[in-house]
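Structures incoming, each one as structure tokens.
Two complexes, one shared chain (chain A), two partners (chain B, chain C).
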Partner chain A sequence: MKRLYRFFSFSILIIFLILLPQLSTKDYYIHMLVMAGIYSILAQSLGLIIGFTGQVSLCHAAFYGIGAYISALLALNFGLSFWITFWFGGIGAGVVAYLFGCLVLRLKGHFLAITTALFGIMVTLILDNWTELTKGPMGLPGIPNPSPVQLLGVKLQFVSRTEYYYLILVFVLLTALIIYRIIHSRIGRAMIAIRENEEVAQSVGINTMRFKLAAFSIGSGFAGIAGSFYAHYILFISPISFTLPESINILVMMIFGGMQTLLGPIVGAVTLTFLPEFLRMTGALRLTLYGLALMLLIIFLPSGIVGGIKEKWVSFREKS
Partner chain B sequence: MLTVFLQQILNGLVLGSNYALMALGLTMIFGILEIINFAHGEIYMIGAFTALYFTTFLGVPFLLAIPISMVGAALLGLMIQRVVFRPIIGKPMINGMLLSFGLSVFLMNLSILLFKADPRSLESGYAHANVQFFGLQITLERLIAIIVAVIFVSFLYLFIQWTKVGRAMRAVAEDREAAQAVGVNIARIHLLTFAIGCALAASAGSVTGAIFFVSPIMGWAPAIKSFVVVILGGFGNITGAILASFILGISESLGSGYISYAYKDAYAFVILLLAFLLKPEGLLGGSK
Partner chain C sequence: MKNRQRDMALLELENVNKKFGGLIALSEFELKVQQGEILGLIGPNGSGKTTTFNVITGFLKPDGGKVIFEGKDITGLQPHGIAKMGVIRTFQLANLFFELTVLDNILIGFHNLSKIKIFDELLNSRSRRKREEELLAKAVEILRLTELDSHKDKLAKNLSAGWRKTLAIAVALAANPKLLLLDEPVCTLSPARVASIMNLVMRLRDSGVTVMLIEHNMRAIMDYCDRIAVLNFGKKIADGSPEQVKQNREVIDAYLGA
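Showing the complex of A and B:
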């Protein structure tokens, strides 16, 4: 019965997501949906690193940028299509994360947070200054669209934003599925054990460094894939999209939704992609209000929307 | 050749004293409140603007404007600690970090609205006075930067080592519960620490604002550098932070003089990586 109920609600969700772009024909609205999808992947993968393994990474946007630059450079210099470059983007970001992680993941808490933040800044500095390769702050224009594919008799050409929407939807669902599988496996239980208490995890024979590295490189790899998608969607990238404030932005999405849940980061990403659009009305005040909203959020809703609802639900059930 | 080298070292000392003033506040706030304060650079910027307004519009002499901006920043710090950070003391560290980041975004953009984004110059009146010694020369402004740092850093050091309040601060840094148990007023120590940290940042801001320029985004880069300093020195370690400031300042100055100016902000990170490889427990060893 419970299974049937789950299957039913899941199908409704999928149908809703498929029909979503039909609600409005405005190009801009569909663009926001695609961006929400990209941020969902970023927030979910950061959730694997911070929410489930407890390792605070402040350089998620750097891996997002590494993925974007790798696939853009491969597409521009070797004419490879998105279907190949996104693998390189993801694996490249994962490998960089692995190497960097080997060096810094033995650090804990604040140490790790600041070091990863500095790594993010370092990556933007390199993107800005290695002008022979990255063209510096000028950015890389003219990245090709994904090449057309024939799928179930439907030809996807990637000229309209709706086609991109369906592609990112598949990516988001796959990311959610993979992370769900990881969390509910032996690996995931080890990761959660590390988050709860690293010493205890170690004392029962968990090789904590290995699992921390795994979470960090897998999470960063997904960020690389998101970056790759971003590059082939916007068709132009420059270092400004991958700075420390962007990392914090992703972090806030994850926390806003609720980081120790699977669904939370997605809720956070979607809400916080659309919310600033409403703040746009306030013009020059926008960023000031963003800062204020962030402070209020942390003080009054520290475990996020989904986390907060979950806590309320649990205490409600215990009472009744 | 040697003169050029020594001149670079001298510039490094100026940078280093700036970092020292910033990093001391940061490392104290970290050690005692266990908060990573991303908004420290904005306090530095507000300090610089206070000094700018007092010198330019009210005609207060520059040397008097420094203590005025310090007092202003200390008051602001008291308010911030009371209103913003107090609710999250003892909560997971990621909350404090995001809170201070929100504060930083808020203060920076509010200043852009109030003061406009373009850089301005703070006329200290000492910019063209040169001091010469051993064939080296330094503007009086830069010399003041070093002197201010030396004065405040030694004052702070003596205060923490030799006064009763200083001892209470060290006790809180060591073990918050135990300090509370023997009757230290934690809330008051937190307020005091935050105020001192902000005052030091404001002094650095006003002195450096006079050397370079004053703008709402001036605080970001020195704040990041002082984070490097805080890590290099060992979190919460004051002597380590002072030492690390000057190491970083001098290597940045030599690096941008001899290797490449474009990467001047990257040297901090290179040093940090080297430190992780060679001396992972911080400059002054395993002391925590």
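Showing the complex of A and C:
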């Protein structure tokens, strides 16, 4: 019975998501949906690292950027299309994360946070200054859109934003599925154990370094994929999109939605992509209200929106 | 009486030294733990008992000496590696996954039991689901053995001190120990609770687990241990049966002396 209910509500959701672009005439809102999708992938993958394994990474945008630059450079210098470059972007970011992780994942808490933040700054500096490769702050224009693809009789050219929306939707769902399977496996159980109590985890035989590396590499790899998508969507990238403030932006989305849940980061990404837009109406108060919203959330709903709902549901069921 | 293999001790500490700056925690510590015995490790506060556990299980590296388990040198190996070999410890203050349920705590303990097959896990194959069912059944068995069944869905943080210590032992059990190191398993508990946990320890020993325990509760030590080692200021001052240790002059002085 529960399975049927789940399948039913999931199908309704999918249908809603497929029809969503039709609801709006403004191209701008479709663009925001695409960005919400990119941020969903970023927030979910950060959720795997911080939310489920408890490793504070403040350099997620750096891997977003590494993925974007690998893709862009492969496309511009070798004529490769997105369908090939995103693999390089994702795996490239994952490998860099693995190597960096081997060095720093023995650190914990604040020390790890600071070290990753510094790494992010280092990556920004490299992107800004290695001008022979990256053209520095001027960025890389002219990135090609994904080469056309034939699907179910429909030819997708990736010229309209709606086409990109459907593509990012597929990526978001695949990311969600993969992370779901990881979390509900013994790998996920080990990651949660590490988050909850690293000492006890070690004392029952969990190789904590191995699982931290796995979470960090996989999470950062997905950030790289998001970066590749971004490059082939906006068709121009520059270092300013991948700085520490951006890492914090992703972190906030993850916390806002609920970092120890699967849906939370997606909810947070969508909400905090659209919220600044709706707050535009308030004019000068925009940033104040944004900050206020975040503060209220942390005070009253520290487990985020989805986390908070789950907790209220559980305590409601326990009382009845 | 069990037939013991006198040729090789299960665990051997050879001349172990450990300093923390100027403080000598362990000094030329020699100890043999025989298969199938319950060995008590006692001594005044700060005598080096928990340090001993930390050195055995890899949480601390000794400054000198060796730790040998089943004939293999495990000195300075990583804690998870030593745990995988079957040396499982609990902590002085019941260290648990507090935000998780009793059942989840125990399920995590099963990590040791078999290698994780990545493809099976990610595709949720039939063999994986079968494995999960087996683990659940094993967990139920451990819950029954430790009398935690009625608490299985409680969060670990909501358990009383006594049940927390029991849960810590249950989690250690899940990890399939050959040698179980219990750090103050019955400290601060009521006599009834003490008896029930120590009886559990006896049953574990009877099922083939070797147990070493640190305790301050002298009744528990004297009534249940086969052998007792006594530490004072990092040095072993006695090693023998409860009767021998009780009458040892140095031991009496250490506990009563200034």
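Heads up, the rule we're going with is that the second predicted complex is superposed on the first by the 303 of 320 C-alpha atoms of A that agree within 3 Å, B and C clash if a C-alpha of one lies under 4 Å from a C-alpha of the other, contacts with A are read in each partner's own complex, and residues count from 1 in each chain.
Going forward, contacts are C-beta pairs under 8 Å (C-beta built on N, C-alpha and C of every residue); 3 or more make two chains touch, one makes a residue touch a chain.
Everything numeric here is computed off the predicted structure, so don't read it as measured data.
In the superposed model, A:L118 makes contact with chain B only, not with chain C. In the superposition on chain A, contact is made by A:N197 with chain C only, not with chain B.
Of the two partner chains placed by superposition, only chain C is touched by A:N207; chain B is not. Using the contact criterion defined above for the overlaid structures, shared-chain residue A:H110 touches chain B, although it does not reach chain C. By the touch criterion defined above, A:I91 lies against neither chain B nor chain C after alignment on the C-alpha atoms of chain A. Once the two complexes are overlaid on the shared chain, A:A284 sits against chain B while remaining clear of chain C. When the shared chain is aligned, chain C comes close enough to touch A:R186, but chain B does not. Using the contact criterion defined above for the overlaid structures, shared-chain residue A:L17 touches neither chain B nor chain C, since it reaches no partner. When the two complexes are superposed, the chain touching more residues of chain A, out of chain B and chain C, is B. No residue of chain A lies at the contact with chain B in one complex and also at the contact with chain C in the other.
Across the complex, chain C is touched by residues 178, 181-182, 184-187, 189-190, 192-193, 196-197, 199-208 of chain A. Interface of chain C with chain A (complex): residues 57, 59, 78-81, 83-84, 88-91, 95-100, 107-109, 111-112, 116, 118, 121-124, 128, 171-172, 174-175. Every residue of chain B that touches chain A in the complex is listed here, in rising order: 30, 34, 36, 84, 87-88, 91-95, 97-99, 101-110, 113, 224, 227-228, 230-231, 235, 262-263, 265-266, 268-269, 272-273, 276-277, 280. On the chain A side of its complex with chain B, the touching residues are 50, 56, 103-104, 106-107, 109-111, 113-115, 117-119, 121-122, 125-126, 129, 245, 248, 251-252, 255, 284-285, 287-288, 290-295, 297-299, 302.
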